[in-house]
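Chain naming follows the written order as A, B and C, and within any one chain the residues start at number 1.
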């Protein structure tokens, strides 16, 4: 299991981590897929187009519309009343599994892997595990 | 493949199954990840914070807002007009894949695995499969 | 890694691909799970009930309510202003992992695997990878 460390800058932020994931797979031999796993509860990971930066911003705004801050929420802890952040993380998913072809991520032509921050800014970790 | 059986008590309910999943992995050796799979169509599984019980209740209520019972739905069968339950199950996801470290679930400090009931109460099953 | 090619007919369409996935696993021996991966950024994949065709239609309509075309979107490219399609794809998920039992998909009794088109009609691909 490899570990990636990253720092987010905004409350809700999609961050392209494709190259860090690819690097962490250097030297992996004979694996069939790479698991990209987020060990946090207010962040997730997804795969989407990494060409137009405006798209990530659109998706950040959309996640705050799919799950609204203004709904009645009860949860409150040391991090504040951040239940919407937890809900967004679960909807986006804590992990993605990407097939490998000859040790390389078999991403589609326009696909990138995005860390999804929903309660930033923070320092975060991502685990990358090769599966046979 | 190991099988967990559980009973849900409410229509929409997030149920912490971390300890059952961990138990079902007892004696697994040399595996890289555990697949937690829900073989139902009105239930799913997610990973989120398992510290504050109010958070699970918040997420249950939120899933009924993200997908509203009051929208026009056509589907109706022996289980009644439960299309919103099916939609919620797909949004939450039918499975999660968790990395293993020395045979143990490599969950983040605050993470737990939650079975997500969207059409309870029912008796349900979860499959756990170790992957190399 | 096996490749499935398919053609969608509508903008938003859930297409049952269970039999194609099962076929692509013919002759796979000793694998523990099958990764069904979509290499596109405006399509995804899910598992749900494949009995009543009305349910797929309900879910198609619901995805257009969970993420609304009428929200403010900035992204625009050769495919047009299709940011909602990208957002729906990420919410639904780019991949599912299904356990195998004696080489067969260990789907629940009512479960099928659905390709989820959010920007059709198009020709699309799906990758199927067996994991040990």
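By definition in this document, contacts are C-beta pairs under 8 Å (C-beta built on N, C-alpha and C of every residue); 3 or more make two chains touch, one makes a residue touch a chain.
Just so it is clear, the model here is predicted, and its values are computed rather than measured.
Asker: What's the call on chain A versus chain B, same or different interface residues, using the half cut on shared numbers?
Answerer: Different-residue interface.
Asker: For the two copies chain A and chain C, what rotation in degrees overlays their C-alpha atoms? Round to the nearest 5.
Answerer: Value: 120 degrees, nearest 5.
Asker: Could you give the separation in Å between the centres of chain A and chain B, each centre being the mean of its C-alpha atoms?
Answerer: 20
Asker: Quick one: which residues in chain B touch 2 or more of the other chains?
Answerer: Answer for chain B, listing residues that touch two or more other chains: 66, 91, 93, 97, 131-132.
Asker: In their shared complex, at which residues does chain B touch chain A?
Answerer: That would be residues 32-33, 46-49, 51-52, 54-55, 57-59, 61-62, 65-66, 91-93, 96-99, 101, 106-111, 131-132 of chain B.
Asker: For the complex, which residues does chain C have touching chain A?
Answerer: Answer in residue numbers: 1, 35, 37-41, 66-68, 71-77, 83-84, 86-87, 89-91, 93-95, 97, 127, 129-132.
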